[in-house]
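One chain, chain A, appears in both complexes that follow, with chain B as partner in the first and chain C in the second.
Let's look at the complex of A and B:
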């Protein structure tokens, strides 16, 4: 007996985000995610094998070859890769990093969506208290922050495109909050 | 006949867009651009409300946010009804329905107006003095009746169907108020390249320039200048211009709250639009340009409809093309009333006289006389007549000795008054800035700042338009520079045709009437007269804060905007002290009333709080589960079958687990991955248990204390690798346990090479418990030897289930053979379905949190936070065996050695068996040695858990009881309203004391 083992994404079955020309929110689908913790030296070793560089500048994402490393703290980076790459990334880290460190698979803990459009900043600022002006939150910046009552990781990928990571069970709240804020731009 | 008081031309209303509306059921018309107040005045309606206490007829007094009289209820439907709106701020729209308030049966005939005749008994502190006895009558009789009689508008009883939104915003310079000072400030800040937010409470920016036809700025009319500046600001992508937006609260670190009213002025608001938006602005620098408010003159009967502020009448004339009357007497202590008189005179309104309290008159006295207006200087109003509208004014001249000699009666249909101007200090004062009193001009002005702000224009005491503009521009420039921007320096504006409104009077005016009989109102909204304030002082109230509360002056929805300074002057006079020695009452937020909706905002319904659901939630819902809230989580509580009660379902689920097997979703348990070469050392220190020697692949039940020695959390910990632990916490404790651990790592044990990662949501956790648990999962698991020898109780293995990687724990929270399957969360539902099918095939069933609670209580397993309460040590909770006695240190070790925790007599966990096995105790109930304890008898403990046990066929309970373990066999009592329940103290393990079922 080997029944079909189906993955159920956190956004499955939720009401669709009311996409408009001015703002839309699209789930990223499954991604590989590793939470890496260690010293900057350990991070440098990871950069060599991961592809995307682990920034030593606070709150900056390094991106290359479809992978990204988001600085979340002085000893903490969120590594994002394509779905299915998690095991390989963990193995590469284990093989390459001699310094003490921690690498933990959080591919199912986190869930992601991309918010984009001319009104993306306004919609985010309905619940995110940060200054998202390009002078304060430029492209490539990332941070832990709040959206309403939920913790998120926010990463600006383009002037009007943001990658939002939240914990799986918060997906309905995050999507609902963004949809409510976007209603007036429909 | 409609709008008979509308001038044929002039004003900023759109005459090609008539608007039909209703006031108290009467059909009226106005124009787009009208406020409700200007439209009512255009129709000759002055009477708009009844006063709070005496139910005296009241009219429109002002043209702005300070309005104390014209409070109305505006309704779109039964749910969309807003009381206590100021008609002076409400914009009319087609089909609007507005109602006056505080009158019955009608505005023109109000039964409660009898209060006015009884007013000699309604003195200050009347309620305190009269309704003193019997004491219990206050809440049951007096207060409800007083409130019913005195209340203002009525709140709607239906849920608010409107939506509200919120916006966090940042800027270099926030400018509050878009009058001449604010516009100049915003202009300067914009020119420096600053990010600017400019807000104004009105529908249109421009402030006083909108109602001044005479001034020119830089060679343009004032109105054109402001239009051009507003256009330039609006076109800049660095400037956010917000109209209909009130800055209502100023908080620490230049955090300013703005309320934007988006749809209230629309006849048919778009369904997609929020009604209001709360702006939470963090500004590097703030320019306060909130202007000034005119004050009333305190003369007898100064409150009749038809009596209004002089500058308000000028605004109605010039901005709305509306005449307040046809025969208008003007009483003043300030030049600004002359401007109103001259404009009205020019517009063809008869002005019988200007009565100027100042002996020498003012700057415009000669001009008024030259225009043919009679001006009486040193003159004051001594009374007015008219029932629902002022009909005549009595006046006299003030004599050298201060007395007043009556002169004449002037018939009129309106009376304007101006006592001078009060700078609007609310925002500055809310920012905790210190006020200073300027003796020469008798005004409070902004003094020392507490925040990064500056005031400009009339709110800063600067009244001459040229100086206002220069000061505004300089403030904007200064703010931009302080925010770190390069600026162009200050600027001087060329202004012509402006008159500086000099002159004022504070307090009550003299008159020739019986002071014990006349009413000269200070606070119009709360019906406080000059006499009331003097009485309060006579009765011993010295502090202005006490006078305020005793007389209720300044306590209404208008927060004393028009009354505070006069009240203060009268109190100071009565106390024979200078004004600054008496002090000023606190300016509180909000500046004007603010809806509850804007505060609740989107936090309602599904968005009230995040609702967290596990990956099996939809399956459980389809299976008919009832859910309970555990923190933000929804957990399956029990799974009733068709027609089954909760009691029956829980009994069945418990029996099934004990007899066969049950499946339970334990995904909400907190999980933390502890990784690093020092992981074991860290665990050894943070838990009371020893961890250094825990073998890879084995588990331990860990107890965590705070440094005070009290149990903080518990959970099973598995050692995945030499440098990796899989920690579980209670569902509710997950975030605080992670913080607690992170706190120690970052502050106490920075030497440890170990890192923490929350994995609560990485894993779906499926507990399979019961004698057939192994049989249930065996066919699905690959790569793990499930045999008793290979996988003993309290072990963890890695393998796959149906091809999905899993961490399999052998552990039990039921006392039965048990496994917990951890799979990546997205696979949770599919794996659950597969395991569930196996469980059902073996005669098992899913069980919920209620059965889980019963099963663990039958075994005496504690739940931290239910059986413990933050004052219980591991030993007292019955898990003292977990404490590593030989460990040199751990968090809580010193706490546990405190003398108080070693004293005999502390509570200990025990079981309670009711003498009557059918009786289930109430959790939280107190325990006493006697069946019928005297009142205030010391309770020796309390019930922490109590259930019916189907397997045992009786009730069971856990309790914390003083010296409980020494009382085994004793009979104690649980006093309840229906009589005490006798219980026997027993061992907390009710079922399978030997533990054989754990490892069959």
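Let's look at the complex of A and C:
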């Protein structure tokens, strides 16, 4: 008999985020995530098959057709697609890039949530020391940084909406930290 | 919070960085290097009171290594530069720093 395997989301079973009219946090659910490392030339080849462009400008995300490519370093990008697309993206990268590179599926290592609302910046700044003013952190900017003691990837999707990527084992910490910070804006 | 300027990401909070020790220490080839010289390469560092060239890593950011000149007393970052770039003239930087300080004192 084949044992039944059930996929459990990282945020399942955790205390609910105290959503208010000014801030709320919603898990993204499962997504395909590929960590791509290679030269800018290799990244250009990936852009052609992935859809969303891999930015060569530091800390900028490219987005198209439900897919996103987040710049993490001069030779490092986080590619995000819909759940179940991981295999297809890996195959497309393998076919498009001839030079040495690395593409690793981290879809099950990472988990994401979307923090939105008028007070989202204040809640983030409780644990993230970056300047999140729109002049310093405009829409479309993304970077690896810290939230409290956990490393996250922060991506500003709109003036008051942030996509936060963290490691799945940090999910209780991240959600707990944000919930604690949000109490001030209940 | 102290801001450190990453050559790639710009000014970022210090907790995103790791100090990786003194920069510009070249590993000698083990053959033909005396035990004393090898021990010096491994264990002896300059540890100055003043400016020092160090390796830093923006570990919670772009994850890249870079070099920086820092004052070990005031913690001031005088300059940052890419890995592989030649070591700046620390004496000249120290003189600039002293002149800058003197000018501020005079202006006060």
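Just so it is clear, the second predicted complex is superposed on the first by the 184 of 186 C-alpha atoms of A that agree within 3 Å, B and C clash if a C-alpha of one lies under 4 Å from a C-alpha of the other, contacts with A are read in each partner's own complex, and residues count from 1 in each chain.
Operating definition for what follows: contacts are C-beta pairs under 8 Å (C-beta built on N, C-alpha and C of every residue); 3 or more make two chains touch, one makes a residue touch a chain.
Because the structure is a prediction, the values reported are computed rather than measured.
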item	value
Partner chain(s) touched by A:172 [first = chain B, second = chain C, both, neither]	first
First (chain B), second (chain C), both or neither touched by A:130	both
First, second, both or neither for A:143, with chain B first and chain C second	second
Touch count on chain A, higher of chain B and chain C	B
Chain B versus chain C as contact partner of A:57, first or second or both or neither	neither
Partner chain(s) touched by A:122 [first = chain B, second = chain C, both, neither]	first
Intersection of chain A interface sets (partners chain B, chain C)	76, 129-130
Contact footprint of chain C on chain A as seen in their complex	58-59, 72-74, 76, 129-130, 143-146, 151
Complex contacts: residues of chain C adjacent to chain A	1, 8-9, 12-13, 15-16, 60-64
Residues of chain B defined as touching chain A within the complex	163, 165-170, 195, 272-274, 280, 282, 602-603, 606-607, 609-615, 618, 632-633, 673, 675-677, 753-763, 779, 802-804, 824-831, 833-834
Touching residues on chain A, where the partner in the complex is chain B	1-10, 13, 30, 35, 37-38, 75-76, 100-110, 122, 125-131, 133, 136, 148-150, 167-170, 172-173, 176-177, 180-181, 183-186
